[in-house]
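Both complexes below contain chain A, partnered by chain B and then by chain C.
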Partner chain A sequence: MNEMISTLVFYVLAMVILGTALGVVMSRNLVHSALLMTACFIGVGILFFYLDADFLGAMEFMLYSGGVAILVVMGVMLTKRHDGPPGNPFNNNTILALGGAGLFVLVMIGVVISTPAPAGGYVSPDTVNELADMMLNKYILPFEIAATLLLAALVGAIILAKGDGEA
Partner chain B sequence: MSIGLGHCLLLAAMLFSIGLYGALAKRNIIAILMGIELMLNAVNINFVAFNRFTVVSDLTGQLMTVFAITVGVAEVAIGVALAYRIYNDRLTINVDELDNMKG
Partner chain C sequence: MHSGILYSLGQSLREILTSLIGVPILVDLLMTIICATILLLIMATSALVFTLGERKICAFIQVRIGPNRVGPGGLLQSVADMLKLMDKEDIVPRGIDTWLWVLSPILLLVPSALIYAFFPFDDGVILADVNVGLFLLIAITSQTVLPFLMGGYSSNSKYALIGGMRTVAQMLGYEVPMVFALMGIVMITGSLKMSAIVEAQSDVWFIVLQPLAFLIYIITALVESNRPPFNIVEGESEIIAGPFTEYTGMRWALFFLAEFSNLMCIGILTTTLFLGGWHGPDFLPGFCWFWIKTFLCVLFYQWVGWTFPRARVDSMLSFGWKVLLPIALINVLLTGVGIYVYNVM
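Right after this comes the complex of A and B.
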């Protein structure tokens, strides 16, 4: 009974994620795309909770469905030319893109189905504690590099948005 | 039938291909950025699923996801700043019209 509910939850989550992702791509209005993208990120965050990654789920909610969604909506507003809703047109490569994406998903389905699933699994009792421990001991160098990357991105975004000679 | 690694990998593959289609078939830079974000999320799902369902003894996969999220957020900030800059200079963010460097 418990397992059935768990399976049902996964399929509902998968439908929400894939449905909203399709909506992002197919929507005619760019603002609708941005809002559906937020819903998709919320679905992915709940999937992280489902997979026992609670810290990552919280991070997904805060960064993606909070920060990235706001950034994208602001980008849509700042780059709108006409009155009326901002459009979201396709280019001339639609068939080619559809073929490439379809080929990719077919190959991936084949690979996943033909590979035997590994046994085992790992669930941490306290993800925050363990992640912090790894980040500040074994993985301290990537942590510092990520900090530098964030600083560079911050300065770069400010300079890009200001333009040259406007400081 | 309980949910295993294969289900998560299939979901991530479908999400990735939807994002790939969005990134390849759109005209607007912001829409292309949205497609790239979907692809990044699919990769994150893969990391977490491998950490959850294969034989590991620590949270390396989840830690990699933390770094992937960091890079993804920095990327979207730079991308939106670039789109704003291009719009300021040329009054368009249609990628089909941005072909100055075409040989």
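Right after this comes the complex of A and C.
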């Protein structure tokens, strides 16, 4: 019974994620696309919770659907062109796109098949502490490099926003 | 393990259900449904009570009488308001993005209702005591931004759009200092679990250990929930009602419900994070202390709201980024040093 419900939850979730992801690509309205992307992010976040990765799930909510998605939606709204017809630009390269997408699917299938599934279902009950341990002990150097990079990006953004004269 | 009236009540309800049904998973499901219903009822009631409370308190502060015609002393005013809202014509403006417009108030209510699952009302009385409780709670509250933006964008009205943009600027801007201020609490507790945070305050409340974080929190909480001195999102004198300018009747009431639910949320959060949660002297059960503190907090927030004039949008944003954020970071540093010194001693 438990197994069945668990499987059912997974497939419903997968359908929601894939459906919204398809919607992002297919929607004729760019704002709708961006909003559907948020829904997709939320679905992925719930998928993390389903896999007992609480912290990553919350991170997905906070950063992706809380931060990134809002910036994208705002950007789309602010850069809307008023002269042309609204919506996503579509073109006629269907066959090329199909080829590219097909190739990607083939590669992904290869990766999924060749990756061995992790043995056993053990998940540490306290993912936060273990993540912190890894980040601040074993992987301290990459962590600090990423932090420096982000700081540089922050300063760069401020300089860009201030313009040439003032900065 | 746990004590308290509410916990034993829930336990006995579970026993009765188990003896009636027998299948554990169905009992779990039923218990969750019952809990969720109670939480939704609390949320709906809070809106009903706070509408009247807000008007009465506002009137008291502005030396007026306030609603006084419907029922004894105006007590039934919110019931009358509710009936009026249900009866109102549902106006759908022309040129809107229909789907987004309809979904916006509904989606707004989802995160507001969801976070009630993470509140510890009494010893052991918490619907979802997850490991990353506090962080998940903040992550879910940050989801309220997008419905506001959706409403603002889809309404096809400049006031609504400006309101939506202000929501984003204000909520994103003040979420950062809020998270950093709450970091001090997490550092002292050593856990993100809501029950652990309350447990850590059994001796000393965090308002004593983290006064700076408390100050930052009450300011950011007022901003995040669009309460008066910082309600630039719906500044009536500037942009009518912000994102919900074009909504009427029950759709507008949903925005309203979310707003009052958020007011209660910040009251509950202040209580849980800084005022010891359900801890209190033994002569009253835990949940009584919890509600007393929560209502005092809500009263405080309303008092602040009706006392100060509304902040200007630009000064508010620069205050958040240039004053609150550095102070919050200093607080994190001080807390770290404090913990180190405490451990050494």
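The rule is simple: the second predicted complex is superposed on the first by the 134 of 167 C-alpha atoms of A that agree within 3 Å, B and C clash if a C-alpha of one lies under 4 Å from a C-alpha of the other, contacts with A are read in each partner's own complex, and residues count from 1 in each chain.
Here is the rule we go by: contacts are C-beta pairs under 8 Å (C-beta built on N, C-alpha and C of every residue); 3 or more make two chains touch, one makes a residue touch a chain.
This is a predicted model, so every value here is computed, not measured.
> Check chain A with both chain B and chain C modelled on it and let me know: fit or clash.
They fit side by side.
> One more residue to check, A:Thr94. First (chain B), second (chain C), both or neither?
Only chain B is touched by A:Thr94; chain C is not.
> Touching A:Val31 in the superposition: chain B (first), chain C (second), both, neither?
second
> Examine A:Asp54 and indicate which partner it touches, taking first as chain B and second as chain C; both and neither are also allowed.
A:Asp54 sits against chain C, while chain B stays out of touch.
> Based on the superposed arrangement, let me know which partner A:Ala14 touches: chain B (first), chain C (second), both, or neither?
It touches chain B, and chain C stays clear.
> With both structures placed on chain A, which of the two partners, chain B or chain C, ends up touching more residues of chain A?
If we count touched residues of chain A for both partners, the winner is B.
> By the touch definition at the top of the document, which applies to A:Asp126: first (chain B), second (chain C), both, or neither?
It touches chain C, and chain B stays clear.
> Between chain B (first) and chain C (second), which, if any, makes contact with A:Ala117: first, second, both or neither?
The answer is first: A:Ala117 touches chain B but not chain C.
> What's the minimum Cα gap, in whole angstrom, linking chain B and chain C in the superposed view?
Superposed on chain A, the two chains' closest C-alpha atoms are separated by 14 Å.
> For chain A, give the residues common to its interface with chain B and its interface with chain C.
55, 59, 67, 74, 127
> Going by the contact rule at the top, pick out the chain C residues touching chain A in the complex.
For this pair, the touching residues of chain C are 23, 25, 97, 99-100, 130-132, 135-136, 138-140, 142-143, 145-146, 149-150, 153, 161, 165, 168, 172, 192.
> Which positions of chain B touch chain A when the two form their complex?
Touch residues, chain B against chain A: 1-11, 13-22, 24-31, 33-35, 37-38, 41, 44-45, 48-49, 51-60, 62-63, 65-67, 69-78, 80-85, 87-88, 91-93, 95-96.
> Spell out the residues on chain A that touch chain C in their complex, using ranges where they run on.
Listed in rising order, the residues of chain A that touch chain C are 1-2, 5, 29, 31-32, 35, 38, 42, 54-55, 57-59, 61-62, 65-67, 69-70, 73-74, 77, 125-128.
> Which residues of chain A touch chain B once you look at their complex with the stated criterion?
Against chain B, the touching part of chain A is residues 3, 6-7, 10, 14, 17-18, 21-22, 24-25, 30, 33-34, 37, 40-41, 44, 47-48, 51-53, 55-56, 59-60, 63-64, 67-68, 71-72, 74-76, 78-79, 81, 86-94, 96-98, 100-102, 104-105, 108-109, 112-113, 117-124, 127, 130-131, 134-135, 139, 142, 146, 149-150, 153-154, 156-158, 160-161, 163.
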